[in-house]
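One chain, chain A, links the two complexes that follow: it is found with chain B in the first and with chain C in the second.
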Partner chain A sequence: MSLITALQAGQQRASAASTWRRLLAVAPAVLILILVVFAAFFPGLFAEEANLRPNPGAVALPPSAEHWLGTDLSGRDIYTRIVFGTGLTLSVGIRVVLVAGLIGLVVGLLAGLGPRWLDAAITRVTEVLLAFPELLIALAVVAILGRGPESVVIGVTTALLPAYLRQGRVYSVLARSTGFVEAAKVLGVPRRRIAVRHIMPSVARPLLVLMILGFGSAVTTAAGLTFLGLGMESGVDEWGVMMQEGRNRLGDAWWITSMAGFALLITVVAVSWLGRWVARTVQRGER
Partner chain B sequence: MTRTTAQRVGSRFLRPGALWRALGRRISAAALVLWGAASLAFLVLAAVPGDPVDIMLGPHSTASPEARADIRERWGLNLPLWQQYLLALWRPLTGDFGISYQQQRPVTAILAEQLPHTLLLAVVAMALAIAIAVGAAAFTRRGIFRSIVQLLEPVAVAAPTFWLALTLASVFSYGLGWFPAIGGNPVQQLVLPAIALAVPLAGTLGQLLRDGLDEADRQPFAETARARGLGTVGLVWRHTLRHAASGTVTMAGTLFGWLLGGAVLVESVFARPGLGRVALDAIMGRDLQVVMALVLFAGVVFVIITLVVDALVAFLDPRTRRGGDRA
Partner chain C sequence: MIRLQGLTVRARNRVLVDDISVEVAPGECVALIGPSGAGKSLTARSILGLLPEGITAVAQEFTVDGEPVVQPASRVSEGATRHLRGQVISFIPQEAQSALDPLRRVGDEVAEPLRIHGLASRGEARDRAVAALAEVGLDEPALRARQYPEQISGGQRQRAVLASAQIAAPGYLVADEPTTALDPMLRADLIAALRARVEAGLGVLLISHDLATAARIADRVIVLADGRVVETGPIRTVLEAPQHPVTRALAAAATGEPLTGSRNESAPVVLEARDLTLHRTMPDGTTRATVSDVSLAVRAGSTLGIVGASGAGKSSVARLLLALETPTRGEVELAGEPWSRLAERERRGQRHRIQAIAQDPLAVLNPRWTAARSIAEGLPAMPRMQRAAAVDALLTRVGLDASLGQRRPGALSGGQRQRVAIARALAASPQVLIADEPIAALDPPAQDAILRLLAELRDRDGLALVMISHDIAALRRIADDLLVLDQGRVVAAGPAEAVVAAADPVTRALLQVAH
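For the complex of A and B:
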């Protein structure tokens, strides 16, 4: 075996080991997310639906062996409510990042490939949206559309959109001036094909990272709306609603607000952990 | 690289033509942003269902149609929409921000009264966030503390502001009694709200700063400095912090706008006065004049912050400066 092939073999072994280590680094986050996804789709596996019924005899009880996370103001078991609220809470965040990511992709491609005036117009509109504080945009939209999951999704998407528009535009403009796109143009590849085959992947990848990392702000912004009374309808099994319900009982029943918040915190941390891992992996792939 | 930094900065700013051109471009871009923001706000509020007169009079009013017509006349609500739009744009230029429908007071008086509370909160929170971020990123370059901080940062980023505020209140006001939930002196009133706003900011800025420092560490100049015998701390303070700071400063500027939104939540939790509550009431009550003034205010703040950030980044990172003749 020559020296060079020996070195290469060593390198390959090292990279295989580091791949394992990289996968291991994200394992806890993935484990948490698997649990969360299961709770969203099969809440019955984790808790009994019967405990969702109000129980006047067990109002605002502290955490105990019987009620792990305590009970709320109408005597419902908080752990059970958190489990059954997983689906609705997370679906809002997921819908927001999907819609925002898709709009960012399409508008970004239009800005990068369309005429100059369109690019300028998109840049200006993004700047105007950036000038508004996020939460105020979302508030205004929900104030117009009324409360409920759909208007929360629309409001939060509008509020968070500027970052996606900007990201989409930046990467499509960057991709436009790369060698392989120039080469495709010289070869006479049709514009639409250049857009889809050559530019879209370089725009979609950073947008995907932004979507995963942006999931947290989507969920927390939605919860903030609910807290201000302009989000989900009250009484729904949703983490933001649960946090809101306990706000006037901080002195004697802190667990009502805190527990749902912890659930949110753990989920968002796991998602952003995964997001940072994906970002690093994508960067490595590009290098 | 024969000229010193001072000369390079000077050469950019002392060439009068370039300076005026750059300034003119900046001002026209800023005016465009403000016009767009004001127009968007007007459109959105015009699309809102409901009669502003009802808002002014309250839900149970028994005012006569004549009185209502009188109010329409006085507020210009019977004009065609395009005239209302032009008025809404023109009046702020003359310094007239109108009168709040809800409070029946000049908008400028409301803003002047509430702005100091929010400004103080935002500035203290930002300063606290930057101090925590620099401390957490620059002093824990390696070892166990780095791991701890790296574990805490995502948690800080993910914590919803209002939940953090509520949790702080339940621990430190209701549990330990360190800060009274109601009353107390101004400093006591400021501590918990500022921390609640600063923690997510500090997490975001700290992560960014650490990534920047890590990247700077891999640059040849860092290698050179280490080869000269500079220790970890010296390297950070003399070289890499400055290299890493420009991205963090840009992010801090972006997040200042977020602070205004966060103030809505924190002021609501702690029952503090301030622009956040004014904004919330105005949006809920469709108080056009107040919303318009707030939009213009947020736009002006955004423009100023962008200017300051660009100047700071140019100062920190010479690569971003354009030559005087190209500017």
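For the complex of A and C:
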């Protein structure tokens, strides 16, 4: 008995210490994300808004000491535009995963705990959505709703939703068949309380992980839409728009598309890196 | 040969296993025995590199079939042993019952080692899974392979795990208490099956707290206490002339005194079942009766023992009594009022009157909740302060220190978890307690303690106790009446001593394997 106690105490101390040590392993990702978040909220800290003005005298200049990442087709400084476009670009991704996660949680719980016909209906709809390529669904929705950030969010959410629905459903079915849920039923705990106290947390955790990992797909799908010309209105400071604007000049002014693409790449990698770490940590907590 | 020399296991700076050496040759069964917390499981898990977070194992030398697994005097990591697991050394974990994925068919789970190591095509793996299930003595293996884990009995699940451990034809097997949760018949079978494998050349490292089981299968025995080897040698020598006090205590198998309740015929009948029948649909569409025409009655302050082999329908009867299943025919009454006939909506407010204790307390406690929170779930609504005091009182009542309430189930021992589960059941102030194999997964001292606790609660609070077990010996200690089940039917019922004396064939078989 004393051995188990000691072992446990040791384990708890060890896990507190190793959480910090493991956090160190994702330090670069955390650092990048801190910079990105600051850029989103306080772009003025990193660049001057004045450089966003078109400058007909400095069109499509390659990277130089004056324009670190070059200038675009209207002569705007690309670095400045990336910094000022951070907020809008990221907000699309964040809104997509928030909405998809919430829908996944609610509908997953309904499918897992509701009547059988509802489960069947939700599963069929999910399968139909899965049958089409993601980009195609997003394109169709934006084509119907028209361009703009809101349509992009709705379109990308619809496209990425099946994964969230499935995960939500699977984890609520799994949680429903656990011994502790049955034990709560034997105690006479009302169904709604069982759903909220026992089942919802079991579903929410894996969904949270999926949301973090899915952020990358959300941002890239949104950028993809814009790149194809069916996303944000042109001229907006957004990374996808910048990539789209430069796509016909990849041969002679590669930096216009590439620099925005690179910003996207770094951000997505950092988020996914952190996401995997969160996933492992959550799994550790389950044990 | 598995050769592990000078193993030391540490949690931070605390030494849990101190300089233990283990050797297992092909065709040999070595038993690692000792009381709870002696370091048996840690030693076994070190060989597989499967240690909990924060615990490290260092071996002076670790070779398998002459190949070094790790450099001398270095850490045994999960990565270093990955290529061995499943293919060279397979493992049966302690709680094998929950080792199967509830969402996959039994056959797919059994075939998994073949698929992971790319040893067979999908179709071939399926056939070999059925063959492996037959080999471990499962009836109708083709049907079982298509069922889901929750559709087969606990004993059948245990055998499926064994089948999975054997399917990739590993040279060695590490089995952590493989027989603990089995009924005596299956235990004898499994021991015979394991022994046959050993004769065929398998090297087995058997972890057990039970010297009697070890004696029936092992060639050599290593006795551990407090992380050290206290005695080692051929099984006969150790069994017949134990040297160390720990070994002597293990050798002297304890037989407990009776814990029966009052046979008071005037006490009210609180739980009554008439002609209970339950039909289940099999994957091929046919229906089978898992329970047929079972009638029973339990009086306040007494114990009804339900006994039968694995698959006899014991747990199904428990689920019917708890109204977790609706009987196809027949009825359950609680204190003379309808119970199984009620709509769930009407029953919910009454559910607290009949509570359950399960075999595996780890499964019925939410792993993320503290013990105190789980117990509080059973309490009626009350102010927060009062609730905390009530939880503490319940913990004390089941013999746990109130400070343990802040632990999660993972941080409690098996016996402590079972006490927490009992405390939660008591929180609901039940009249009937249905205990389905409450001691099967515990080691003998904890078994004894839980039996005593249940008997005490029954006598002090006038609880009606229904205890389900495959172990007729344990049931005879506590039960006033016995009901013997075989293939879903009652084959004998009545006062415990009368049932035992009458000894119909099924009862006799259960009695025989119990000794």
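Keep this in mind: the second predicted complex is superposed on the first by the 270 of 287 C-alpha atoms of A that agree within 3 Å, B and C clash if a C-alpha of one lies under 4 Å from a C-alpha of the other, contacts with A are read in each partner's own complex, and residues count from 1 in each chain.
Operating definition for what follows: contacts are C-beta pairs under 8 Å (C-beta built on N, C-alpha and C of every residue); 3 or more make two chains touch, one makes a residue touch a chain.
Since this is a predicted model, take the numbers as computed values, not measurements.
Asker: With both complexes overlaid on chain A, does A:Val269 touch chain B (first), chain C (second), both or neither?
Answerer: Only chain B is touched by A:Val269; chain C is not.
Asker: Between chain B and chain C, whom does A:Ala65 touch in the aligned arrangement: first, second, both, or neither?
Answerer: Once the two structures are laid over each other on A, A:Ala65 reaches no partner at all.
Asker: Return first, second, both or neither, reflecting whether A:Leu250 touches chain B, chain C, both chains, or no partner chain.
Answerer: first
Asker: For A:Glu134, decide between first (touching chain B), second (touching chain C), both and neither.
Answerer: Only chain B is touched by A:Glu134; chain C is not.
Asker: Is A:Ala143 touching the first partner chain B, the second partner chain C, both, or neither of them?
Answerer: Touch partner of A:Ala143: chain B, not chain C.
Asker: What part of chain A is shared between its chain B contacts and its chain C contacts?
Answerer: None.
Asker: So in the complex, which bits of chain C are touching chain A?
Answerer: Going by the criterion above, the answer is residues 11-12, 14, 16, 36-37, 52-55, 102-103, 150, 226-227, 322, 324, 348-352, 354-356, 358, 360, 363-368, 374, 377-378, 407, 410-413, 421, 424, 428.
Asker: Quick one: in the complex, what on chain A touches chain C?
Answerer: Residue list for chain A touching chain C: 1, 3-4, 6-8, 10-11, 13-15, 18, 170, 173-174, 177-180, 182-190, 198, 201, 284-287.
Asker: Would you tell me which residues of chain B are touching chain A in their complex?
Answerer: It comes out as residues 29, 32-34, 36-37, 40, 44, 47-49, 154-155, 157-163, 166-167, 169-170, 173-175, 181, 254, 257-258, 260-262, 264-265, 268-269, 279-280, 283-284, 286, 291, 294-295, 298-299, 302-303.
Asker: Quick one: in the complex, what on chain A touches chain B?
Answerer: Touching chain B from chain A are residues 124-125, 127-128, 130-136, 139-140, 143-144, 216, 220, 223-224, 227-228, 230, 243, 246-247, 250-251, 254, 257-258, 261, 264-265, 268-269, 272-273, 276.
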